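Have a look at these structures, which come just after this line.
Paired with chain B in one complex and with chain C in the other, chain A is shared by the two complexes that follow.
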Partner chain A sequence: MNLVLFALGRLASAIPVLIGVTIVVFLSVQLVPGDIALSILGRMATQDQLEALRESMGLDQPLVVQYLRWFGALLQGDIGMSLAQQLPVAQILLPKIGNSLILMAGSLFLVLVFGFLLAVLSAPRFRSVTDRLVVALTLVLASLPVFWLGIVLLYFLAFKWKLFPISGMYNVINPGGFRDLIHHLILPATVTAASSIAVVARVTRSRMIDVLNEPYILAARARGLTRRQIVLRHGVRNTLPTFASIGGLQIGYLFGGVVFTEIIFNWPGVGLQLYDAILARDIPMIQGCVLVVATVFVLGNLVSDVVVHALDPRND
Partner chain B sequence: MTRLTFRGLLHSTVLGLALTAALPALAETTIVVAVEADFSRMDPAASRTWNTFKVVRHIFEGFVEEDLTKGGDAVPEIVPALATSWEISEDGKSYTFTLRQGVTFHDGTPWNAEAAKFNMDRMTNPDFEFFVPTAPGLLSWVFMDLAGYEVVDEYTFRIDLKQPNAEFLRRLSAGGSGAPRMVSPEAVRTFGNDGIEDNPIGTGPFKFVERVVGEKVVIARNEAYWNPDRMPKADTIVLRGIPEVATRELSLMAGEVDIIGTPSPDSIETLQAQGAKIVTGKSPMFYVLWINTKDPHFSDVRVRQAVCMAINREDMAKFQRKGFAVPTWGILNPGGPGYDPAFRDCEYDPEGAKALLAEAGFPDGFETRMDWTFGGGSDVNTKGDAEWLQRDLEKIGIRSSIEMFDNNTFWDMMTAGMREGTGLTSASWGESTFAWLDQVVTTTALPQNCCNSGYYENAKLDQLLSEARASASQEALDAKLHEVRDIVAADMAFTSYYAANSVYATGPTVTGFVLAPQHWIDLTGVTKE
Partner chain C sequence: MTDRSAAPARRAPRRSNLYFVWRGVLGDPVARIAAGIIAIMVLAAAFAPWIAPWPPNAANPELRLMPPGTPGHLLGLDNQGRDILSRLIYGARLTLVCGIVPVLIGAAISIPLGLLGAWYPLLGGVIMRLMDVLFAFPMALLAIMLAALMGPGVANMMIALVVTLIPYNTRVVYAAACLERDQAYVEAARAMATPDLKILFIEMLPNVVAASVVYSCTIIGAVVITAAGLSFLGLGVQPPTAEWGIMTSEGRSYIFNAPHIAAIPGISITILVMAFNLLGDSLRDSLDPRTRLRLVRTAKDRT
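The block that comes next holds the complex of A and B.
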């Protein structure tokens, strides 16, 4: 019950944040230089045609009026019409959100598994060779730019050794099922996960090192528990809240990070859509994409807060 | 009599098995084409970008068509499409089209003069129920001289112009900024204008199958297509936008796609080593240099001439595009009307340029700025071009900084006019028609209109371009355009530096892919062995 109340409280406090997000999204696009009418009608349009279009789109109205109209429509699930496609943004975006969430989930899985394993592997062996290797590895992972790592992995794993497909989510000609999806998912998920694995591993490792230096660990050792028992029973249990917290934070980062990965791997998600929309200056589509990324960020943090709360032994 | 041997038996069995295995491939040929960006709208009247027209022109047709099936360097011939023939009145102002009979749209709606009128209304009549509001802006280059149109009888349709337009048929066959192509009236009535995006129904050699925005457009052979010469060889074509060039190239080499647009010039050798075929063709696209005639330095024509003389175009074409380009001079583009490869608006002469600068009062040169675009589509390393020009100009004493902008911001700036302090700017343009010159050199295109961005004012050019449109013959048209070219060269308001070839790479088994000198391609002859 306590947990449900906590979750509801966090959700309530997320609402003003989300409203703030809509304002920032709306305004940030207004600040972008450039004329929407010009990007719809093209260079061949005359000044009169441009004026007429601006008027018909309500672009001549004050900003506040434009925002309230936009926000009102948004509450009814209407993010507007894509200027480049003349299709509802929501219709285009919904499947893309699913695709990006798949990529994010794949990455998150790798982040949690490898982040945790690296921490458990290194922390109990503080300053050993293993520990130093893990620290070095995480430093490398954290420093690799996504676009570089992506192209290098593509070249070797997909092109040279033909272990994975190059691009897309399914085979274009003969789309396979779940296996085809996983096969396409591994490389982009790895690339997206790389730097987050490092972050999670490093933070979890330091927390575990702290935990393992606590007096009660010394007491446990005095009681004759083996190192494995101490790490698993006390170390892991007391590190979990930190792990969940830093892991949960990655949800937002990963979802934002898929923008780069999606372009490199041509993964048909929100990121690739955002890129296309920016190139086409498709304002409603840009707003939709940014809104989705921001919302996932906020909700991701909310989920992680709740999980941390549930895992914290002090709340038992 | 042949002896039946074990080996013979084995051979025939293996051969038989191999043939059986090959059968499914023979039954269904799918070609995957990857271009540089995702597509805009499928409704031809509202579609934009050259890449989108690569799709649209296979689904929809107009009265006439450019024949892109043969490739080669010659300007593509205008051939009959939904009109079998046409008559142009003595005064050049009236076009009477005899429409092809027995043609139906992909949904079974018959093609006739009523369908033609429906589409003309859709594109040009603001009072029409299914008028496309963006069409006049996008299509003004086609219908700028339109006076009216009329159904003469079921298979005869007439279009009247206010003044003759020597390029009218060519403009009717083109696209990229809107496309004057025929949509099924029944489809528009059923699905509404916006519904055409999901139900693009035309008469073309391919039918629309599926579109996933941001992912792919799938088109399949129209078995009932009227033109046996353009009956598609492949069953299905999947068109994808893959913006990242390295991914496009790797996808081709891995066999995931069959044809890619604009591989990086640096990758050509690698692609060939992997068995890919490189197909190149002439393109109407060339790089125009705008010079700010209001700038205190460049307001002197001698300084502008010095810029022209400072550019080593031959080397630039050779090294910037690894030879997949030709140097250009002046304001007329290869593949466009009136182009003369022998024309020069200046000769490469850095010493002479320096002398001209000194004469203009800048013996020690001066500092200026270049505003540049990263470009899009088939632009490659435009920043490299800017740096090349920066180096060439520095040799004559003009020291310039470079500022790069994304394409949208860049064209907004061009519409506003070149900034104070910016002396030079450049972008790719050029079409198979000269419609684009109306947007670049005329006084009607001065800021705040696009794109006479260097404030070059010469009303004589407006007059000449209008006369060029009204020319009775191609020769007369070319002569007018030569006048335009020579005036621009004398004033040195614009020059150009190279025209890039279209470059595509195909998989080793792809056949029938040809390039004509145009921004778009014909995929009807493409298949796989």
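The block that comes next holds the complex of A and C.
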């Protein structure tokens, strides 16, 4: 019950943020240099076409009216028309969102599993060789540019050793269900996850080191618990809230990486769509992609906040 | 103001934050190596015309795609037959500038924002709500959107990075300023009817700046990667200018027959970012009250 109330409260506070997001995305069009209608239609446009577009976009209205019109349409699922493809942005984006979420889920899975394993491996052995190796590994992982790691893994694992497919989501000639998807997913998900694994491992590790220095750990040792029991029962339990919150924060960072991995591995998601939209200067499409990602990010953080709240032993 | 020689000679020196930064970073061998790497890269960038064996855009099409070790071209040649080592040295300029300058400008904007926000609660509420909205965008995504809409180019990319950085740095400054606000010296200054702005920017600023500096140092690595990433997407530095992100991007089309073109600038970015991350970690430790004494002590033991 308590948890439901907390979740509702967080949801209520997320709504103004989401409205703020729509305002930022709406206003961002003002950054386009020069005449918006001209930059959308290109130099070849006639005066009549320009006028028609200005009118249909409501560019002759005050900004507030423009925003309210745009927001009203947005609530009905209308983000505008893609300039490059002449189709509604929402219609193009909808299937891509699912594809991106699959990639995100795969990377988040890797981030949580490996981030946690590295922390549990290193924290109880503070300053040992294992600990130092883990710290060094996280340092390297955190410093790798995702676009470069993608190229390197693509070259070695997919091109040279042929362990994984080079690009796409399914085998084009012979698409084969879930196993085929996982096979295609492993490389891009690993690349996306790399730097977030490092962040999660480092934060969780330092929290666990603090936890293991608490008096109740000493008390547990005095009661004769083995180190394994102490780490798994007390250490892990009290580290979980920190782990969940830093893990949840990664959702946004993962998306920053997803843009690059989708381009490199030709994964048909929102990131690749965003890249195509940038190249085509398809402004409504850019707005749509950003809006989708920011919304997923805000909702993801909301879920992680609720999970953190549920995991905190003090709220039992 | 006071005669310094009159001060008691045996009084323990007042340890400023700067002292701990200095002792902590210099006493930490890893941080020294990191600082050395950064210094070498900065020097190479500054003296590029004298160090680089070739001009960055001088092409020798006969030798295009040749691997590292080709006579006269230590790191090989790219798809147009340009010397990769020379482009790497020249490229360090924009790579460093695009990583560091936005952080500096971002800090210069965030510090007043955070200070004023902490001092005037109403203004603070407005500022922090605005920051909450910017926080709703993943860092890389906000930069990509802004740069994409403003159009490609180095200046626009830097503006995009600055906007992206402001919320993070402002939150750090705001938190530090809220702690300082309740200190006795601020109350004393207020009791003396010191003007608000003077309290903020003369009395409180030096104590708040440390937090911002440390945060800025830890973020430079991420900004270098983001800037290189924007150039990789074609939103930042434009060809044929040499910059590590765009060099990686240009090499991407040739990974299957000449992988070194993309590999070399990528390794350089990784090394630079690692150096910044190590230095940032060390700086943070040397200002953190829990760890800084240990650092200074070990530094003393060694000398």
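Some notes on this structure:
Criterion: the second predicted complex is superposed on the first by the 293 of 316 C-alpha atoms of A that agree within 3 Å, B and C clash if a C-alpha of one lies under 4 Å from a C-alpha of the other, contacts with A are read in each partner's own complex, and residues count from 1 in each chain.
Note that contacts are C-beta pairs under 8 Å (C-beta built on N, C-alpha and C of every residue); 3 or more make two chains touch, one makes a residue touch a chain.
Bear in mind the structure is a predicted one, so any value in this text is a computation, not a measurement.
In the superposed model, A:Val140 lies in contact with chain C only, and not with chain B. Legend: residue contacts after superposition of the two complexes on their common chain; A:Phe26 is shown touching neither chain B nor chain C. Contacts of A:Phe114 after superposition on the shared chain: neither chain B nor chain C is touched. Legend: residue contacts after superposition of the two complexes on their common chain; A:Gln85 is shown touching chain B, with no touch to chain C.
By the touch criterion defined above, A:Ala280 lies against chain B but remains apart from chain C after alignment on the C-alpha atoms of chain A. Looking at the shared chain after the overlay, A:Ile264 reaches both chain B and chain C.
In the superposition on chain A, contact of A:Asp35 is made with chain B only, not with chain C. Once the two complexes are overlaid on the shared chain, A:Ala158 sits against chain B while remaining clear of chain C.
Residues 33, 151, 154-155, 159, 263-264, 275, 278-279 of chain A are contacted both by chain B in one complex and by chain C in the other. Only residues 30, 32, 37-38, 40-41, 43, 46, 48, 133-134, 136-141, 177, 194, 197-198, 212-216, 238, 240-244, 246-247, 250-251, 253-254, 256-257, 376, 406-409, 411-412, 415, 435, 439, 448-451 of chain B touch chain A when the two sit together in their complex. Residue ranges of chain C in contact with chain A, taken from their complex: 129-130, 132-134, 136-141, 144-146, 148-151, 221, 225-226, 228-229, 232-235, 245, 248-249, 251-252, 255-256, 259, 262-263, 265-266, 269-271, 273-274, 277-278.
Interface of chain A with chain C (complex): residues 16-18, 20-21, 23-25, 28-29, 31-33, 139-140, 142-148, 151-152, 154-155, 159, 252-253, 255-257, 259-260, 263-264, 274-275, 277-279, 283, 286, 290, 293-294, 297-298. Of all residues in chain A, only 33-35, 38-47, 49-50, 53, 56, 81-82, 84-87, 92, 95-96, 151, 154-155, 158-159, 162, 165-168, 171-173, 263-266, 268, 272-273, 275-276, 278-281 touch chain B in the complex they form.
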